[in-house]
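Some structures are shown below for you to check.
What follows is chain A paired twice: with chain B in the first complex and chain C in the second.
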Partner chain A sequence: MSQRVSVLGLEKTSVFALFRRIDGWTFGALLTSLLIAVPILSVFVVALAPGITSSDDIWSHLVSTVLFHYISTTLTLMLGVGAGTLIIGTGTAWLVTMHRFPGQSIFEWALVLPLAVPAYVIAYVYTDLLEYAGPLQIALRGIFGWSSYGDYWFPEIRSLGGAIAMLTLVLYPYVYLLARAAFLEQSVSVLEASRVLGKTPWQSFTKVALPIARPAVVAGVSLVMMETLNDFGTVDYFAVATFTAGIYDVWLNMNSISGAAQLASVMLMFVIALIALERLSRHGRKFHHTGSKHATLPTVPLSHSKALLASLICLLPIILGFAIPAGILIDYSLAFYQVTLDSDYLLYTTNSLLLASTSAVLAVMIGLFLAYSIRLHGSPLLIGAARVASIGYAVPGAVLAIGVILPLSYFDNAVDSYMLETFGYSTGLILSGTIFAVIIGYLVRFLALSFGTLEASLGKVTINMDGASRTLGHGPASTLKRVHLPLIRTSILTAGILVFVDVMKELPMTMLLRPFNFETLATYVHQYASDELLEESALGALTIVGAGILPVIILSVAISRSRPGHRSSESS
Partner chain B sequence: MKHADLHRLYPKILGYAAVSVLVTGLIVSPWGNTARATDDENSVNLYSYRQAFLIDPLLDAFTEQTGIKVNTVFVKKGMLERLKAEGRNSDADMVLSADIGRLHDMVTAGVLQGVSSDKLNKNIPSQFRHPEGLWYGLTLRARIIFASKDRTQPGEVLSLADLAKPALQGRVCTRSGKHVYNVSLIASVIANEGIDQTRQWLTGLRDNLARKPQGNDRAQAKAISEGVCDYAIANTYYMGKMVTNTLKPEQQQWAAGIRIIFPDQDGHGTHVNISGAAITKSAKHRDNAIALLEFLSDTHAQEIYAEQNFEYPVKPDVTLHPLVSSWGKFKADTINLDKVAQHRITASKLVDETAFDLGPQND
Partner chain C sequence: MKDNTSMMAAGLSMQNISHAFGQHRILNDISIEVPNGQIACLLGPSGCGKTTLLRIAAGLEPLQSGKIIIDGRSMSKSGGRSVPPEKRNIGLMFQDFALFPHLNVVDNISFGIKGSLSERKRWIVAGLDKIGLAGYADHFPHELSGGQQQRIALLRALAPEPSVLLLDEPFSGLDATRRASVREQTLEFLKESGLSALMVTHDPEEAMFMSDNLLIMDKGQLIQSGPPIEIYSHPKNSFVATLFGQIDVLDGRVNNDGLVETSLGNFAANQIAPGTLVDVLIRPEGISPCKKSHITTEKTETVSLRVVGARPIGRSSHLRLTTLSGVNSSSIIRARVPGIFLPETGSLIDVKIDPAYVFVFAKQDQTP
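Up next is the complex of A and B:
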């Protein structure tokens, strides 16, 4: 029997081949993915459990009242922030990578700075600045002689539009970072070919550079959209009813965690469908770089007026997304630093830094392991498992935290029961309510950041490299170490720093999973911010921002250096 | 070793150094201690919905008096689920809440145990504690009406119902209808007036709003001060916090322009919510937890509460903060809070049904 039928790319005669393919790498990767996916799957389990209030009741209530409002608000928010970050992120990345204009070498790293500002902080400071009672409107009233509310029109900051603006300002750096890395990694020969064939710079951008950078740009925009989807701090402060706000409402005001988990599951299905759709639309095209990275990118010097415009375009997001919020935080801190200094401020800072760096290292290791295992043997099973494991980023934090709590306490209580029955000794809770639980939470939530970044980056290394290395007698591990790691070094750093900065800012999971007497900067700031007293904890918020700046600058320098021929390392 | 080899080793050395620093940091840092600091016999473990900076002075006073250490974690979303999942092994002995709603949900979920003592029964009037001692109220906050001194006439608004009068169109502010304080308020209206009345009232109130519900109670005072609206719904203690805020003198100004109205004095009385505490079913330090509960209900702690947060003490004979007593005596709604809490889901649904949080729909 030699007849072979190809089903889904698998060959029917070799059922055993499916298992033969499961070698150490695949097995390890599958196991890791499954472990990370357990909390996410727990959310689905909760969705199926009967609640105190019947789910039918909640759904019919939601459908007849607010559900469609939630959906339209959420879609508008996602599209708005997605489009905004796409334009700002790729636009500025293309400008600073491919052109020469005044300030360009500063913009290269400064454009990343807003990443360090938590969304709820930027929402807070801009409300203070722009609301009716804020200094700007008071000044305008003074100038134009308007006297009362309703005399004139001014955009309402606490609105859907306001939320889009705030989230765009702090999230565009995801797209910028990934797009810039992709532009820097592109091969010169392709761009030259495009120019030789008579394309204008704009055409080279849209027809050549952008399609090649698409996986990276898409990775960036999907991170942004997931972050937007699960945001609660900003939309709650702006009184914008999104799907996530609805999830919390059903959970806390209607006392139905199962109803909330059902909503969250629907939201996750939606995210999975979006990701699948994007992949399908690529038609399996893959873009590898074959040309040398060491050739200098052909940068275009800009004429006076164009250079000025380019500088302004790059300056604006930095001022709006970083300089203004940081300035206001400094202003608050000058008045209220004593409140923060009176607390165990240094301890909170240490806690935050240790948590963030530990999680970053672990998330990068796991992300790299998964991405490389998939590259080695991309079995559909493993790819699916890794996708599920990295979807935690789209789940609202507190809901995902419940997903972490359930299996951990199940494990703890099972061990306790066993030990009690067998040895008459109670072990109590082992993992629940520990730092370990908090770190698990971060890994589940932020794996998407490391895995997504590294998968996109590995994807750009041509598979011929692997072939060559293996032919030369190197095993997978050795090939990873000698060939891939040096090539994707920058992306490893990017992944680590994204996780680091995000952990510094993370709030809902930290709050729920942490042990007794344990504060991070984010939880400390939240105590006050939750009662609209951000000023009192401004120094804490400023420290979160500050702690994010240094790694962000290191990252940006490393990205520039990743292309030895690139001029910014020479000119500086 | 050749120079080139050494150069290649640098990244490795750096990597190992980073990992060792991290590991050492993890071990040396207070993390090792926090992991299970809760086993100490002479302690009590608290899950709190109230922020640490609000309750720390009270807990410090307790530790000073009794020598019992209090371990706390400030949790909001998911405290109930965490308690449920941890089950009998949970380290939590006691929970603190800023609202009756959360306590009620915990009763329903069966994670609390009833306790009773002469002291608790003596200190806390019966309408502010659960009949079986599943929860105890510790402080009271009245949900009142802020009115602009300049732009309102005394007598124009005397009840919550008055806020829905057509004459007030575009003159009222409030925080989100979904905030626990408002959900409890609406639930109390349902308990007193029934669902249909409440729906009508909520619709009228919605159309009187000057803007989409937003901000916290303090933000409503700011809005009155800026002329955005003339009336707002708020908790009493926010007034005290603004009046005494020397760090932010602008807040003293907001407060100065505001008159306090205790609504429904001719009817069933002003809605009063509690902050309260309960002992968990899993409590391993039950006696210590009861000691803390008794301490919090007693005169000394009640005075600290009154002094710090301008709340009304639950213990009847405790002196009010002079500022709080300057607002005058008022008749509180005596309806059982447990009964009010049962209407919270319906209240929350009414907010959706009337699209309250989208703001006025008459323009």
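Up next is the complex of A and C:
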């Protein structure tokens, strides 16, 4: 009872009474959620009422030419990456949590490292390494005496298969992290019961551990698929015709926002399916904790040959997903840093840093405001509004860009025609095509990161803290400042870093929303790599990877602390 | 500690409070008064709504219907809004103490103090000294024991000089050995500060010890209120009687003389109509063994009972007894006898039953 937060009595009060009870916090939070949700809702409106934008007949053209190709390519990519990350993520998680072998405690956190590398960066590096003119094929030709393309077979990296491989290598940590957490969460007694009842370790894994972890694994795979759907850099570079690439092509090359919007609305169905999948899997998490005994998991020591194999299996994704790309980028950076510095690298870095820090600060402030308002007055209306506002994480950047640009240009046109009529003066575009639009896009997409982190963190502070502060004479704002902020300091930093890094890496929205001739590190690296100038922009790519290491460190610290078994064995 | 003449607070008054979470009714038309300087205890099983009532008084739960007056000031504002908790001038002590983990002892205590801190510095120092934590000003909550945290939480709640102190199960977080001494200290402290206090508890001993006025709640309703000894001696119904610990129940029927005949003797039926089926409740402390010689001289009714088991439990002995004949011959009667008294199993003892510990209530269900 004491944990209960007051609930606005939606069911019994009249609308009038409801509005009487809405105070500044609720009103502000509702308004903020609504503003954040506008781009998301715009896309839904376009999807449900295509008449709004289809003034040209580009849609029928798209249907008759590329639409079904987009659908099949996107589906293949998603399924391929989903399967790849499922195998690597679950397999490595099972190895490091349930077994003892050399390097296991290092692999436990090092397996997260590839998360620092954006998919487009790894795609540039491997293309550079594996293409016909790359060092590997040159070396093979030298060894075997082949002289031309027709003499031998070598997999083409710039293909759908290549894109699946690249995305798998950097996205599997999502599955790994969730699967690992699910394995660790499992009650030891359940696994021990399985062993005592006569099952081998392998049988216990397939019959007990894996089924219990399934909801977490499904959640991880659906996150991976959302990221896959969002990817633009890799598929653009590999010329794989997915929806994101299509939206970009129709918008910027065919110059038809309405056509892009219609593609986006089809893509939205994929998103809805993924959100449903993720929600369903979270729902299923309920059957996790049947016992609360978190002793150290019974790890199986492996024999020499098996231990070596396990080490290799864990080492491979780290080498392929992190060590090789980082190594090559460092190598190139050392050789070409002067060229990079000469090409406005500092300006682009400054642009990226400014955008990332502004967005991070805003996202943390908005996220904190929403999370705290919900804590104060957890009305179903407000909770629902916040859920809608944080759906952006699931919507691909290219789709969100359309959601941002439609209302903004509507606003610009309205202001422009009003000014023209009234004062005979055209204002032109005020908001669209500005930094403002870019930041709005980032906020809509990444608010879920800060909101989710801060909501979880606030949730760990007992509600009696609020009660104590309030009865001691401090209002909601003073309580937030004097009690909550000091208590959730670390999470505020974490939330900020998460948003900061994702903005640094973000490519598709930036490409579509940025002002003319405005470059960030990500767009600059993509531009150079597309022009076969990876070496010259390696320092830029390395900077992005370097920033990406930050959340990996946070996760690693969390991993080393999130071992309930170890903690309980210390205290008992 | 405090000038008593300046503490003429008018106390707490809650009138006709009803409350529901969604469709679920928690409180039903409850009215309570805590006059100035009194300590009132809400006693009831968990889930009876007592904590919700306390949170409504604090303003942490919105007031849905009824009226709250603190210190002579209504807590309802125009437009259906309530005075927020920070403007009520109340203190609240939580079950988990809710000390701010990022603040040390002194900062915790001074958290609620308005205006000049230096004026209250002396009060804080004296308070810490009084509760035996003089050297702990710089300590953080996690460095303190449960009992120490409890005392700091009390001091923190009192520091802003509230007119009413609310306490939510303030001793339940402490282990049994500490509870008694902390309780005594808290009572002394509250009485000295002279403010009104409303405390929620499910522990009858605690409630009796602390309260001037005891309020019994069940299923969202106020069942009985009054001085604790009054409620202990004259429970209104079997629910209230049962709240104060183990009690034995015998079945019976009121005869035409206004008595209930049971295997343990006849008991006055207190105006219950003849023929009514009744429960006869007997507290274990109401049964005491007596020597044969006394009985013949005094004209007290005694009963012979067979000893089924006897266990020493420290200050008293716990006997399990059974009657030799009668309708309830198979049931076990329990007795609490002061000191060490351990008759052999199977032996017969004579006991007398103090009618002050026997309560007769009509059965709800009158079908035999």
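Convention: the second predicted complex is superposed on the first by the 309 of 572 C-alpha atoms of A that agree within 3 Å, B and C clash if a C-alpha of one lies under 4 Å from a C-alpha of the other, contacts with A are read in each partner's own complex, and residues count from 1 in each chain.
In this section, contacts are C-beta pairs under 8 Å (C-beta built on N, C-alpha and C of every residue); 3 or more make two chains touch, one makes a residue touch a chain.
Keep in mind the model is a prediction, meaning the values are calculated, not measured.
K.L.:
Mind telling me which of the two, chain B or chain C, contacts the most residues of chain A?
P.N.:
Looking at chain B versus chain C, the one contacting more residues of chain A is B.
K.L.:
Just to be sure I read the superposition right, which of the two partners does A:Leu487 touch: chain B = first, chain C = second, or both, or neither?
P.N.:
second
K.L.:
So in the superposed three-chain picture, is A:Tyr528 touching just chain B, just chain C, both, or none of them (first/second/both/neither)?
P.N.:
It touches chain B, and chain C stays clear.
K.L.:
Per the contact definition in the header, classify A:Tyr425: touching chain B only (first), chain C only (second), both, or neither.
P.N.:
After superposing on A, A:Tyr425 lies clear of both chain B and chain C.
K.L.:
Give one of first, second, both or neither to describe whether A:Arg158 is in contact with chain B, with chain C, with both, or with none.
P.N.:
first
K.L.:
Can you list the residues of chain A that meet both chain B and chain C?
P.N.:
none
K.L.:
Any idea which chain C residues touch chain A in the complex?
P.N.:
So the residues of chain C in touch with chain A come to 20-23, 47, 51-52, 55, 58-62, 64, 79-81, 84-92, 94-96, 98-102, 111-112, 114, 156-157, 159-160, 166, 168.
K.L.:
Which positions of chain B touch chain A when the two form their complex?
P.N.:
Those residues of chain B that touch chain A are 18-19, 22, 25-26, 29-31, 34-38, 45, 51-53, 71-79, 81-82, 85-91, 105, 108-109, 170, 176, 178, 180, 183, 210-216, 218-219, 222-223, 225-228, 247-248, 344-345, 348-349, 352-353, 355, 357-358.
K.L.:
Chain B touches which residues of chain A in the complex?
P.N.:
52-53, 61-62, 65-66, 69, 132-133, 148-150, 156, 158, 238-239, 241, 248-249, 251-255, 257, 335-336, 343, 347, 350-351, 354, 357-358, 361, 398, 401-402, 405-406, 409-410, 412-413, 416, 426, 428-429, 432-435, 508, 511-512, 514-519, 523, 527-528, 530-532, 535
K.L.:
For a test of understanding, state which residues of chain A touch chain C in their complex under the given definition.
P.N.:
Chain A residues touching chain C: 1-2, 4, 6-7, 9, 11-12, 17, 20-21, 462, 464-475, 478, 482-483, 486-487.
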